[in-house]
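Multiple structures are listed underneath, in structure tokens.
In the two complexes below, subunit A is the common chain; its partner is subunit B in one and subunit C in the other.
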Partner chain A sequence: MGQVCAIETKAITKDNIRPWLAAMLEETKVIAPEESHGDILYEFIDSAEEAFLDHYEVPPWMSIKRFFFPQMDTILKYKKGPAGIIVEPAVSELKRVIFGVRACDHTALTFCDKWYTADGLKDVYYLKRRENSTIINLACNKPGKNCFCVYADSGPFAKTNFDVQLVDFGDEYLVEIGSPKGRAITGGRYAALFKPAPQNAEEKRFELLLESKGQFKTFVDQSTVTDKLKKDEVPDILWENMAKRCQNCGGCSYVCPCCICFNVVDKQISEHEGYRIRTWDNCTFAGYTLMAGGHNPRGKQKDRFMRRYYHKLFYEFDKFGERGCVGCGRCTTTCPGKIDMARIARSILMRGA
Partner chain B sequence: MKKVLTTCTYCGCGCNFYLQVRENEVVGVYPSKEHPISQGILCVKGWNVHEFINHPARLKTPLIRKNGELVPDTWEAALKLIEVRLNSIRKESGPDALAFLSSAKCTNEENYLMMKLARAAAGTNNVDHCARLCHASTVAGLALAFGSGAMTNSINEIEDCDVILVTGSNTTEQHPATGNRIIRAVDKGARLIVADPREIPLVKYACLHIRQRPGTDIALFNGMMKVIIDEKLLDEEYIELRTENIEELKKIVDKYSLEYVEKITGVPAADIKKAARLYASSKKASIIYSMGITQHTCGTDNVLTLANLALLTGHVGFPHSGINPLRGQNNVQGACDMGALPTVFSGYQALSSEDVRKKFAKAWGVDKLPDKAGLTVVEMINAAAEGKLKALYIMGENPMLSDPNTEHVEVGLKKLDFLVVQDIFLTETARLADVVLPGTSFAEKDGTFTNTERRIQRVRKSIDPVGESIPDWQIILKIAKLLGYDMHYDNPSKIMEEIASLTPIYGGVHFDRLKLFGLQWPCPNREHPGTQFLHREAFSRGKGKFSPIEHTPPAEEPDQEFPFILTTGRMYFQFHTGTMTRKTSQLHREHPEGYVEINPADAKALGLRGNCQVKVSTRRGAVITRAQVSTIVPEKIVFMSFHFAEAAANRLTNDALDPKSKIPEFKVCAARIEAVR
Partner chain C sequence: MENLYLPKIAMIDKISQETPDVKMFTIKYKDPKDEFHYQAGQFFMVSVFGFGEAPISITSSPTRKGFVELAVKNAGSLTAELHKMRPGAEIGLRGPYGNGFPLKDLKGFDLLFVGGGIGLAPLRSLINQAIDEKSNYGRIMILYGARTHADMVFKTEVSQTWRKAAEVITTVDMGENLCDGNVGLVTTLLPKVKIDVKKTKTIVCGPPVMIPFVLSDLSKMGLADTDIISTLERHMKCGVCKCNHCNIGPKYVCLDGPVFTYAEMKLMTREF
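Now for the complex of A and B:
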């Protein structure tokens, strides 16, 4: 790590961003940040004008997870006919470019890739969407107030695996191209919109990165927390006290770009016809581990809550060498009980023996 | 895919979220981060609101009963039948043989049209809705004491209170966004008093939990007032300048000594004292209550008693201090504001005033409007059972589960000559109808909802109506026409223009002003910014009025045959009669069935084990459900929720009414528990 994995660098003036988006819109669907009632949200845009390109507090509200793993996704349809049951899987074939993705969300996506291909399984619904997407990252020169990606080693600039990453140089963006997909949207018919990278690009990039790293306000020492969990050093009472503040809203998993749990249910249209959906789930719900017959191996809120953090900071680290938290800080906003990742980590570090 | 900002259809907090739409289907939801209530947070119901909208069980065509069965038919046939039946019933038995149930789930515009339909088109004041079952006593009580029956403060003010008294409200479960503000206040150092027989989740944050026996609230608060008076903790200046009738109050309250109150309520004298001192000696003190206060035969008196307590200590008319009834449904505040009630027009303008009637008659282009007060929800059922009410038109309500004494409701509804139900699913009530009309969910129409803090907010259409369903406001226009009365509006914003012109508290409300996050009434004119808290310098009625109130026992008390007190309520993962939440997989999974909460000591005495089947019976009926053995309820008190048709708590509840507001006593009745072997 550490090394920037761009295969080519260019630059683009800010004035050329909208024309670039417009040109891409002629060929494919484009998702970009939009402004709506004060919120900054990723959404499909119909015209380049709809994209919000001014400064805003990062990251945009709600991650790009839902474009790969929708909140409610029809995964197959079934019909009983004279010839037996016909099952029709519903895999999305839509090609799209996602513009303005922040390093945390991008890292989360590469983390989810591991889950969706783990143990020899391949999740076709997710992987197809992944294959059909080209991602344009936008590096963060100024972190938001809840951000702590720098401590999760996932930002504020993406290091690897991106298709394209833009770094804000003031009047223009440095364009780092990292993959053939990235080449495809910066070369060919788009090439005229770009120019060569400036002379001092590397130094300037380095300075901006340092400057950005110096501005983080939320400190989360994840590796010490992982250590403490590994050694079972967090006293029970701490978990009890945090867990009892949980309001069971489910929000922490819903907003988290690294949470991948889902539930599968069938919906009947008629006796002969129906469809199967999968929906986002949350491990803090009692129903998540409830078994037929009423037994619940994690019947207590504390057990469920504790497991969420063991899972994110310890089990996943063990399995993939990466934690299930990229430090986007969205759970800090959405948790009504104020027991989000940053606060939990802090209280474990401060109070946990 | 696109996203549409709209207002939540579940509780009265009024969170705003974005519905995510793909190919005319709602496939997801997420909270607005900038909205003053949601602030990036939703409760589990809000986070799962998308799932029921396109559920396959949605009603997609009208249904007509043929040979005893409801079968799909065309709009034309359904409307024709309604036209013939309603008109012939009205001709034979007069307009008062017709009644209309409006809906706290529907928009303000729809509620306004519904009451206009009843009054101007059908010619009857028989129009009511489920507010009767939750806060009729609030509207009556607070109107008497202050002149205005709504939350005095705003949700966001709660966060900065010094003392919060929560009584009869399981706030974190029933009004999650508001409950969240209470927790924030405690985090910031506020002291929380919970007065509730059950150990609700908020108790974890409370410095004092008072467990009064159900139905003894008046005695409890009178006891607190006596402490306040005796210890001179009252706000004399405030009482002198802003209230009247204090002497009457003092006379009554004097008898409520701590010993006497302890005997009635079961609350230790020391706790009453502590609560009184805490509440009276803080500047920013707020009372938050809900149906634990209102759903009693003494509901209005309960509300008046809380008003007395607040007036005595000068705790109304300022930011953070006040009396805050939390309204249950997304738009129950609005449905009341719109006059979907048998005795008032929109904005609580009294039916009894000739001027008011003339004003509306003129605006609506009719010669005159009926002046006889109409029937309330439970009275409609009674009149139906007696054969006096012949036709009932129900929009978006499910009295078969929501009203007390279900068996009696069923008898009433079956006795009707003609029952029309307009809803989005085939509810228990719709199953009894002669004609069922498919309305639309909140995602398929434009309009406004008014949340519990009087904030009028936009509801925005995000998908086209499902199947052949039609937005409810358009259905009402069709029905009015069948009754020979033409109304025409291009869209809901035009309806709001009419509401604003006739309703002083909504006078400045226009859709173009609601673009961001709404306006709080009173908002009398276009320039007015709306009102964050009420009664700033004077009460709506001038002076705050003390009403001396005596404790009265519940209509039914436990005895040998029925030794338990049964109290009812709701739970977090379900909503109301479960029509929507039980069709949402994650919500349903948490609590797939109903249960009765019973204290371990009682369970032991009866030989009940956790999760075993039990029969709960009262004088009105019996249901079989499961025992949930838990210290959440004290001994001799059992609790059930009313979400589940198969274990319908309202088969058991008492339909005894508060004489002042006609609210039924859902919160107390006598019950017997037996093991089913």
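Now for the complex of A and C:
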């Protein structure tokens, strides 16, 4: 329990959550879980009533990745005029609070932070959005059926780096404040909505954490898989068989909060004007490595499929000490070929010796 | 925070038609305060606005200042658009990117260049630098192969200028070779040069099909893997190690390359 990195704790009654969101909406944009055709999605809300605050099966269908790395992001605008071409960067300056973020997605964000600042090369589009966001986590008391964050060391409660983390205590939430941004969103004009943390908060939190950890149904031993990849112990035939089932739909990487590959294309709106856009890409697509002239170094589906797993579980782990998988289970829900992270890991462990 | 993706506007100053599908563009920054600082072997991400960006090697030598030269093959949508442009047209440049050739390691050695097709473009940067700084190097030998005589790039340099300072042999895959008569793959030129393997470093660049053959022949001639230097090409979308397109195993061609020794390339056992 000692490793929790809250600099301050408070509590808030559940009745005060909507007033808190309403107060935020007076000064900033707010993103919160919303119900949409039976699914829970993170969306910008216009009023506190729109937020979905009841229990739902975690994680929400799409991660919060798109608020930092949108599926389509205009990065530049260009205009051709009499004085030549003028290029203007389009960096979002929008301030926002994201409410109800789960530990897996939050850990994924801290992982993406490493990628977007790696090698001393800083991605301003991502980092500006990071800087302009305050994140309010909601710890998971009840993991979903495909979740395995507990084995990826990314949940069910966030340990560090959060601005605010709420832990469901029944009628109220324990409010763990972890950063100056967290202080700002719980202090000042918001302070009156909060009360001191209850006496037995630490014990109660610990019990809830244990209870949550006890409910996981999906077990994934990532570190053994990483070892097997490093030692080249997974037979080719296993990859061949798994890769055959890939439909090349791209779903796995679109839903994955750790997938950061992108494509860049220009879009003309007239002869004189246009945008440069970056879009999500997927390393399992054949066009991903296709070069002019037709040479394709990863022309085989098997190689592309292997790349996805080697990158996440081996190369990124070597580079950052963290894997590109936080165990959110979304690829399990998505993949039509049933060749998601959890199943692949299981197959490798069962047969890949 | 600097914006990694923001190109600087540059202007096409001169264009020369090198082959039916390769043009060389001499380029200057639009803002005269901007200067080119680069090493041989590096590349630019070239913007043709409305058509995107493509990685293009620098073919001019850093010893010749005030401009940069890019030799571009018409290979797709962006490069076709570039080929339609006239002097005075504006493009964008980001970079230079990549590690460049390891000049420190080459100093004092004989240099054997082996180029195929447009692969001579990145080599030309180092060839002209070595010629301009001749006292730093021993012999300069250039073996160049093109599909046909018409497909030879930098013809004046290959057939005349370089021959004043270097030993040059060319070949064509088919048809007549008006330069020096050799017909056959570029590997057939290797036995024609007498090299001292202890004193020689080779630099190889060409199409993906050519590279493995040349590298293995050079090995057989007794050159150490660390003395064989080559460049790798991958689909690139950013040039700054963010888009993930150019990896070979854990290495990124845009950041760790595009220049690698044969010893390094042999460790890249995983394409994925």
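Here is the rule we go by: the second predicted complex is superposed on the first by the 351 of 353 C-alpha atoms of A that agree within 3 Å, B and C clash if a C-alpha of one lies under 4 Å from a C-alpha of the other, contacts with A are read in each partner's own complex, and residues count from 1 in each chain.
As a convention for this text, contacts are C-beta pairs under 8 Å (C-beta built on N, C-alpha and C of every residue); 3 or more make two chains touch, one makes a residue touch a chain.
These numbers were taken from a predicted model, which means no experiment stands behind them.
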When subunit B and subunit C are modelled together on subunit A, clash or fit: fit
Which of subunit B and subunit C A:Q268 touches, first, second, both or neither: both
Vertex subunit A angle, Cα centres of subunit C and subunit B, expressed to the nearest 10 degrees: 80
Which of subunit B and subunit C A:A22 touches, first, second, both or neither: neither
Partner chain in contact with A:K338 - subunit B first, subunit C second, else both or neither: first
First (subunit B), second (subunit C), both or neither touched by A:Q71: first
Touching partner for A:D281 - first (subunit B), second (subunit C), both, neither: both
First, second, both or neither for A:V87, with subunit B first and subunit C second: second
Partner chain(s) touched by A:G250 [first = subunit B, second = subunit C, both, neither]: first
Touching partner for A:M62 - first (subunit B), second (subunit C), both, neither: first
Nearest Cα pair across subunit B and subunit C, whole Å: 10
Footprint overlap on subunit A, comparing subunit B with subunit C: 263, 265, 268, 274, 281, 290
Subunit A contact footprint on subunit C (complex, rising order): 1-7, 9, 30, 47, 49-53, 75-76, 79, 90, 92, 207-208, 233-235, 237-238, 240-245, 247-250, 255, 270-272
Touch list for subunit A against partner subunit C, complex: 75-76, 78, 80, 84-85, 87, 89, 91, 115-116, 118-119, 121-125, 127-128, 260-266, 268, 274, 276, 278, 281, 283, 288-293, 295, 297-298, 303-304, 306-307, 310-311, 314-315, 318-319
Contacting residues of subunit A [partner subunit B, same complex]: 36-39, 41, 43-44, 61-62, 66, 70-73, 244-245, 247-251, 254-255, 263, 265, 267-269, 274, 277, 279, 281, 285-287, 290, 294, 333-338
For the subunit B and subunit A complex, residues of the former touching the latter: 1-3, 5, 16, 18, 20, 27-35, 39-44, 47-48, 50-51, 55-56, 172, 176, 179-180, 183, 187, 204, 516-517, 572-573, 585-586, 589-590, 611
